[in-house]
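Sharing a structure with you now.
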Amino acid sequence: MRRRPFVGAVALAAVVALSATACGSSGGGSSSGKETITIGFQGVLSGDNQQLGLNALYGIRTAVSEVNADASSPFELKLVESDDGGSPDQGPTAAQKLIDNSKVVAVVGPMFSGATKASEPAYTQAGLLSVSPSATNPSLTKLGFRTFYRVIAPDTVQGKAAADYLSDVLKARKVFSLDDKSDYGTGLSAALEAELKARGVALTHDGINPTKDYTSEATKIIAAAPDVLYYSGYYAELALLSKALKEKGFTGKIVSGDGSLDPQYVAQAGKAAAEGTYLTCPCGDANSDPNAAAFVASFKKVNNGAKPGTYSGEAYDATMALADVFKKLGKGADRESVLKAFGSVNLQGITKTVTFEPSGEVKGSNVFIYQVKNGSISVLGNTANLIRS
Amino acid sequence: MGFLDQFWQLSVDGLMVGSLYAVIALGYTLVYGVLQLINFAHSEVFMLGSFGGLFAARALLPGDGSVPGGAGSIALVAVGLGAGAACGGLAAFTLERVAYRPLRRRAAPRLAYLISAIGASLFAVNLAGKEFGRQNVDLPDLFHNGTVFRLFGAAVSTQTLVIFAVAVAMLVGLDRLVAGTRLGQGIRAVAQDADTAVLMGVNVERIIIVTFVVGGLLAGAGGFLYAMTFNASYSMGFVPGVKAFTAAVLGGIGNVRGAMLGGLLLGLVESYGGYLFQASYKDVIAFGVLVAILMIRPSGLLGERLGRAA
Amino acid sequence: MSARPRTLGASVLLGLLAAVVTGPTGDSDEPLRAAWDSIADVRIVLFLGLAVALWLVLVLGPRLRGLVAAVTAPPRRRLTAATLTMTARRSVAAAGRRGRTVAVGGGLLAVAVVAPLVVSTAAQQSMVNDIGIYALLALGLNVVVGYAGLLDLGYIAFFAIGAYATAYFSSSTAMPWHAPFVLNPFFVFPIALILAALAGVVLGAPTLRLRGDYLAIVTLGFGEIIHLVANNADGITGGARGAFGVPHLSVHLAGVDYAWGIDPLPYYYLLLVIVVGVMVAFGRLERSRIGRSWAAIREDEIAAEATGVATLRMKLLAFALGASVSGFAGVLFASKQFFNPQSFSLQASFFVVAVVIFGGMGSRLGVVVGAVVLQGLAFYLRDKVQPADRYIYFGAVIVVMMIFRPQGLVPSRRRRREIELSEAGVGAADSLGSATPTVVRP
């Protein structure tokens, strides 16, 4: 049979191009005559970590739809998304896309510390406010980025509180600190270990890049016989680690940080393996907090039944804080005035009260302890109170 | 708490993972033996098989969260393996038809296959992510998992035993298939000399597609076994894929028994290395061992050539 | 003939697939729901219509094409680069060909100079980070893959070496481990060049005796080792935190003071100069004795050895040369912006290989065009489709492209001849470029 490459190529290219445009034109808002304010989102929407990006994006969409549904709100929000794949390579391009769009007056993001370091010089040059829901590297607020704010406490806050809890409440004498070798994981484990060392707790440190196979790591942990294993990393890997540890009959306690505070942890580890795990977080958890029930309900409604996950609440709070600033500024909200006004925001959010230090650091975060009980994550209380009682 | 105390436990862990590497590696080796090309999209065949098996087994589980036992467990595992294999086979067949055959027809350079496979892999990974969500998916226990027996003090769990037994059964089965059947003869004939095979009346196109499908069946069933312990996700294929490819080369690519040996060895090296050093260096150690072995034996441990496998 | 219904079936399947790809997103609780929702939707009419149209084009195509060809034969010929060079080779004298090459090159250069001025700053960023850097990397890898016929799957490791060398020499804060003195990144260029070349030799010397695919896996291992060490050695490289604070490039020479900054445009022009320089230099190299030795090794290593080509030395040279270009690109990248080990993943290595093959192995212009097209496509899709779905389309385009143009966008003349020869059975080309010997056309 003779081949017809040229015609075929053209036809296929046409199909691809058509289907690309067919779904590119999704979205679009209602026109109610209100002023429209555009905000941007820079985050991880492709690659291995895209679920974290979607969590945040859904949180922002929830906030946007709540603001737009509010009849008393003098403006409507419009969201522009920009994907940086969580990597520094694509960070500047993603940031520049939002900067180029002159309608964007503020940005929620970037999400990962690496992408933040790569993107923030451009934001600072353009004077465009960026509020990160998830970049926890302690150094970020010390690098001279005047446009950088975050609604999440840096690793140091959580690491110290977690260490206090481990030694005072869980009475751990021997801790196995495992991190996932990511920017987030190493930062958290370093802070935790510094405090544990200061308290004279025996420590074993190990790092393991995110993987699926934690069988031999579980053997290693059990051989070290710690009272507590603290995992600095994300829920998907903690779930696999918990499964492996359970299969091998680990008897110590498993504790992890805010990256694992996600109902998906229980879903992926299975109820039996997840039961009893402690989670620390400098945040309120929307799914277990009765005050956040309205947020969870509207989140599900906006996002096809998806439940809030890691960073959803932070992204929602960041967006609401922006909306609060827009409300105060009234008509004249532009990049400059938003950037100037954002530092004095004071808003009761889902995860915490959002107020800022001059450096862009969120003020006085309480670290809460959660535990998996009967297959769901429930709050035990704030570390300071738990230690006192 | 020294290494020697844990030696047997680490060996058990390593052999379990290694047997999975071996099963996946066979797909690389078979295709390489027949076509002399690296099927880079094989990792996605594995991923799709994994999802297929997982969804099938989950659909048949009692909804109340109880763990079935006895015959129920065996049936569930069998269904999962079958569904995984079927999905893997179908995925491999489609892959060959879409990404490889058109290239073969126009006598494309060998590297074009590699790029086509990378494209197919990107497509499959992201489409799976879109359809099945980007979260890892857990498969609830299909049987009561506990320590069955101890081997020199090392606990061997039901799960480990099931995975290892099924994997070994598949490896032996494939070895027999290649060595003892008429189909295997055809595969070996094409691997040795395709042109002569044609003259001897072998239908090369058929052998090629069958080779892909057999590799896909194994990878799909292996994917289900993998999902039983390690969950399934859209991006799960890449790392085991690279490891399995490494295992195939380690044993001598194109050599069926070499792939088995390479897989088990790689699993053991990783397990020991992760214990002795910081666990994050275990891949460094695994690749280091690979480089060292290739320096000494430039064509893998058992030498190449599918034809020599029997 | 049963081909027609089969073509229709394939077209319909393709239409259904397109419907699923553009349809709603699902989750693992109901794995088949999203696919079903895409198919049981009114949009399916559109896709089935497209499928039938595609089928008609495929079936009626040859006739239509004959018709079209009869009317528009001369202009259509000009459309494909292949026919262009064919006609050029046949009818125009060598001098004329040269003139035309220069004219085409000049035209492309003019386009490259003007292009960034008419696009957004975000596109300029992409032209530096994605297109420019990858064009440079692809040119370097082209020496290894295209000229010498060696498959290197860990090429990005040399890029990492260049980037980390820059952090080491030009900043005292970027990494925990740093040089006792601080250099302007410009002076790091030669150092990184040498370091990367040395790394290439160190990797190559023991491994280049290995045949094709073994070499591929060893280089893959090497790339992964460098990536993991960069990520895990917190005390030396800063680990996953990356290297922040590498200064931008700046020139202070004979009264000229210029500093590159956050603005991507100056980096673009610098890269353009470097890319063009490398293209010219490699062009000369390709035609030199060394280039001919590589061609000889590629086509028949044993014969080359027998006729006195120092094959191992020549392969090492290719490896070192390719590596040094990669190191060079690393310096540029590191001084432009923040980086962390994520930039040096295995996927990045694969992507450079994809650019080289996609553009056309062995063709300098081809690999640059490959970088422009592939990365341009990724940038274009950024706004057109949901970001999470971007790589579905990207993957599909690569497969389609390879099916219809396996020799790459702008194949090298020499490579094409080798393929033609091997197809005709006159000697086999090298292990990478040859047609698979087992082709059996039904």
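When the chains are written out, they are named A, B and C in that same order, and each has its own residue count from 1.
The working rule: contacts are C-beta pairs under 8 Å (C-beta built on N, C-alpha and C of every residue); 3 or more make two chains touch, one makes a residue touch a chain.
Please read all numbers here as calculations on a predicted model, not as lab measurements.
Visitor: Which label fits the chain touch graph of this model best, line, ring, star, complete or other?
Guide: complete
Visitor: In terms of CA centres, which chain lies closest to the overall middle?
Guide: C
Visitor: Hey, how far is the Cα centre of chain B from the one of chain C, in Å?
Guide: Result: the chain centres lie 29 Å from each other.
Visitor: Could you give the separation in Å between the centres of chain A and chain B, each centre being the mean of its C-alpha atoms?
Guide: 35
Visitor: Whole-Å distance, chain A centre to chain C centre, using C-alpha means?
Guide: Those two chain centres are 34 Å apart.
Visitor: Can you list the residues of chain C that touch 2 or more other chains?
Guide: Where chain C meets two or more other chains at a single residue, that happens at 21, 27, 228, 231-232, 388-391, 396-397.
Visitor: Any chance you could list the residues of chain A touching two or more other chains?
Guide: Within chain A, residues 5, 50, 54, 181, 207, 209 contact more than one other chain.
Visitor: Identify all positions of chain B at which a residue touches two or more other chains, and write them in rising order.
Guide: Chain B, residues with two or more chain partners: 105-106, 129, 133-135, 137, 278, 280, 283.
Visitor: Within the complex, which stretch of chain C touches chain A?
Guide: 3, 14-15, 18, 21-22, 27, 43, 46-47, 50, 53-54, 57-58, 61-62, 64-65, 120-122, 124-126, 129-130, 228, 231-232, 234, 239-242, 244, 262, 264, 337-340, 342-343, 379, 381-391, 393, 396-397, 400, 404-405
Visitor: Would you tell me which residues of chain A are touching chain B in their complex?
Guide: That would be residues 3, 5, 48, 50-51, 54, 181, 206-209, 211-213, 215-217, 219-220, 223-225, 236, 239-240, 243-244, 247-249, 264, 267-272 of chain A.
Visitor: Going by the contact rule set out above, which residues of chain A touch chain C in the complex?
Guide: Checking each residue of chain A against chain C gives 1-2, 4-13, 15-16, 18-24, 26, 45-46, 50, 53-54, 81-83, 86-93, 96-97, 99-100, 113-114, 117-118, 121-122, 125, 137, 139, 143, 181-183, 185-187, 207, 209, 306.
Visitor: List the residues on chain B that touch chain A in their complex, please.
Guide: Where chain B meets chain A, its residues are 1, 5-6, 9-10, 13-14, 16-17, 65, 105-106, 129, 133-138, 140-141, 145, 147, 155, 157, 159, 226, 229-231, 233, 235-236, 239-240, 270-271, 274-275, 278-280, 282-283.
Visitor: Please output the residues of chain C touching chain B within their complex, sorted ascending.
Guide: 20-21, 25-28, 31, 34-35, 145, 151, 206-207, 209-211, 213-214, 216-218, 220-222, 224-225, 228-229, 231-232, 346, 350, 353-354, 357-358, 361, 388-392, 394-399, 401-403, 406-408, 415, 419, 423, 431-442
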